[in-house]
């Protein structure tokens, strides 16, 4: 593969230099392992503060698939299922990892990656009240992503409604925040970590896609889930022996708001590309204010751009165009964005 | 619940009297356990003969859910999935039993319970050739039911095409024959056990819904699956200690064609009801020549009939009518059918 | 294998004639499936009465391995383990069925199949209080068999002590009673079903080894375990569609004390053999008052007897003798016992 | 916890400075994710060279527990078990992670962490040839660690014998090399990576305990295991999105022999402590030439040392002494060793 400019994902580089510096600085300090070190303690305290809840448990796990599968299997009895949008990451992009823990995913149709409280309510009625319900896996947890797979956002009222219906039916609410920061600083976003904590039983704040080398911070409010969470992390291989690496990175990300600053940069870079795409008349598969763009792109343009840029093919749209994903990140440079924008405009001008 | 005449399923009674007689007759004979007895050996031999293949392995398992989960988990490595119609029994009616063995079910849209070779081919291409396929559970087995959940049948050519596409892609073909007999003797059925054996890697012949107290006979042609199948049956709790009970029943069912005779009776009883439903102008959710009928019934009629008969509500069709399942079996009496038919006709006449 | 007289197990025949009669009598009665029928209800009520507790849940499951794995996986979160004697049936004779549900078995050394409250207490301390306990599967349930694999019995005080230590540490107590009846009527047994119910969170009463064709009756006192137990039975394939078969058999077994009568017969037959073995000077691997005998038998005698009788080889004892298992049951005839006793005596006289 | 000098493990610091430098240097280079980058390719090629086999597959996984569970579950059908020494890491220190993938661990008694070819041979005979083998989980893989949990080493002839008996019985041989380097450069070690590759079906080279931030390199020779290994890594959450971090570190470790140099340093540091312990008359639980020492230490000495040094309590030895673990690593300084040695000698002199 030749060297192209990456817009394929938000994990094409290492970590933000501030994190790297701190890792270098602390490299020879001795600590105990498995997350029982002062750095993890500090990071957890900062996150508790931001969540407005000193009682939540905070754990750091190596990656997103591990965090999803650990969080879900920790909550469910054998016959219980997790409910997810049909395009939820756990259903489509994690190689059956949830099923490998023994649990079914009940999928709901989604609009641009989102599901609604009403859908959950109806699903619950169908599963619990049927005479035949002994033959159905039983819903016990709802999984959503924020922002979604398509970069869209839940509004405060929508999330509250989902939390309420979950509470009503005894369902745990779990929010996958692998890209949480990009969402929280996006235009139109109307809630913060405190509100998210109020709504969720468990959620996580992604690090690996937002400036860290790797790592996700799980926040657990529900005490039933919190009990013995560490041995479950260990059992699934998610307990880093040098756990300090996670504590150090999350402390840096959250101590002075670096996390949100980096997200704002990424969204801004995405916006420059978005405006350009609109100028040249492109439509979008989903309207999104975050760092992921889903233009419906003429195949000829996609091919032309692919000589220089690495973009992600999502799916065919019609005979001559496809849905393409363009991702920016904390690491995206203005120079690269300018280049891409320039090439889009000149190619389109040529074609016109 | 008051005593109603059962048309709710094909397992509302015990076993056909001939099987009961044989169980009584052999009751005090001593045998070794776990299916290593002369009765199981005899039954296996009769079934091998009917399959036209002396090399197939035949095992007897207590019930259908166990047979499905054992057959599937015996075939798959951790990341592999089974492909099934979206309304396949393993996906909708077995409480997540397949996922509990660690495997994802990849569902395909189905027409009246059936899927096609083309669908399998396209699904395979999508899953294997994608750049992202490391993130997808990998299809390795195809599960279909014959007859399907809606009583419909695969034609010989359709089954052959499915078997061919499976072979082409290295997918195992598994046919759930919980109601196999009802299908094989139905009008329009164009293949026998020999052809089924040629097409499948593994399939089973249902006993519990076709005259036995319980029990399914698994036929395994593929030697990779056949290896060490017994310890897997045992591990999942499917190895009956008094295995002879299964051998005795299947010997009786298959020695002189009783199995097919009973299925013919059930289909005939269903046909009487079908003709009646057509006469009164009812439409069907699915056209089926077997023992399960799916009329789209006015709610008023369904309610009226429910006073006397136990039928199964499937789902709402429109504001005033629903899909209802009526099942006959080897045990359905002409008297009960006459009564039902009479009540349908008189109720409809009254309504008209 | 030639036809020998069976003393190899307690499941070499069908069912006691009274059960068979009732199955024949009810064969054509129509009932709803999955254990929701009047026979299961009746059997459950009789068992509740005998347990002295109207609040316990009673479920009927096809076989012992299924009952064990369902009961255990219903109780445990992913990182939790079940504690068992090293020779417990779930550890040695069920093909890894518990591990297949995702859980580790923590084994304790056992004396003649039994473990003590002290052992459980020490194990718990070791597992919970260690600094390293995040790396250990966590004990949450204790599994014992009564009678044990070696036919030995817990005394009332021993069981009470185990129940107390379980309560102290929040461990569920589960008693596998596959041969419960043989134990409860044995000489030296000092507790009944009421006391067992007081001590246990969950236990089961075996049918398949004590006069039924198959089937175990699970009694659940702990409400946490009881919740949603039926879908878990279904998920693992243990929910018999014609569930009535279990209800009918257990009603017959328990309505008028047949169950205990049959057990007394088996124990009496075993005692005749035991006395004979003692007369000829044989020692025993374990002293047991129930239907299983474990003589340390000279290989020459074992070989001689094996021409006529099917006994079970357990393990080598020394160069010239082995531990052999001799099982009687409800079906063992005085005639066969007389024959065996005669042959033991004459062979030994000859050897002397 | 006050700040003590760490001898508790070989993962108390970050990474060797050369690795850190390279991570800093490459931080902003853009690569594709999931291990499909030039750094991983380079590292894999260097390792293939050292293994003397260009056909082996090399994968990089985040941590040891993940590597063990992925490697084992990738090899086994549902009823199959892995055989391990009773003190093997997978059995004692990974929270039931193997059982959580559905598989039983068959344990063998071990001498100082090691098992023998003879033990494996006998175990196999017992499991496969028994009449009752349908009731046993079936051995299919042998897991050993080199060096073992107690720092001891297999000799070339012992490993060859184990490999031969595995081949004879169709068992996969898997060597957990979490501390492989420390073993390979130890006094008395008589084989290299080439020989290890010849013997094993699959093994891994630990990074996290030998100079890297984290990471293990899995080497797969057996083509059956190699097939589709990447989706299994992904399914279990072991596929790092920024996989390059592993490639960069392993390239540095192996390009110029740094890995073995660091191991030699650790062993040398351990030797200084070992000689001191011998001088003061201490005995050892296990004789080991590697970086882990297991002195049987008077409790008074252990308590005294614990004021300044973090050592690991293993288990009580007798009333007044315990088995203690002292670990050195690539990061252990001569200064700290000198301090420890001085304190041991002065405390012992005082006590004498």
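Per-chain residue numbering starts at 1, and chain names A, B, C and D are given in the order in which the chains are listed.
Assume a contact is a pair of C-beta atoms (placed from the backbone, for glycine too) under 8 Å apart; a residue touches a chain by one contact, two chains touch by 3 or more.
Just so it is clear, the structure is predicted and the values come from calculations on it, not from any experiment.
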Pair exhibiting more inter-chain C-beta contacts, C-D or A-D: A-D
Chain separated most widely from chain D, comparing mean CA positions: B
Whole-Å gap separating chain B and chain D, where each centre is the average of the chain's CA atoms: 50
Interchain centroid distance [CA atoms averaged], chain C/chain D, Å: 42
Whole-Å separation of chain centres (CA-atom averages), chain A against chain D: 34
Residue list for chain C, restricted to those that touch at least two other chains: 78-79, 94-96, 100-102, 134-138, 231-232, 234-235, 239
Chain B-facing residues of chain A, complex: 78-79, 81, 92-96, 99-104, 132, 134-138
In the complex with chain D, residue positions of chain A that touch it: 1, 5-6, 8-9, 11-15, 17, 20, 23-24, 26-33, 62-66, 69, 94-97, 100-101, 208-209, 213-214, 231-232, 234-242, 244-245, 310, 331
Footprint of chain D on chain B - complex, ascending: 34, 73-74, 77-79, 101-102, 133-138, 228, 230-232, 234-235, 239
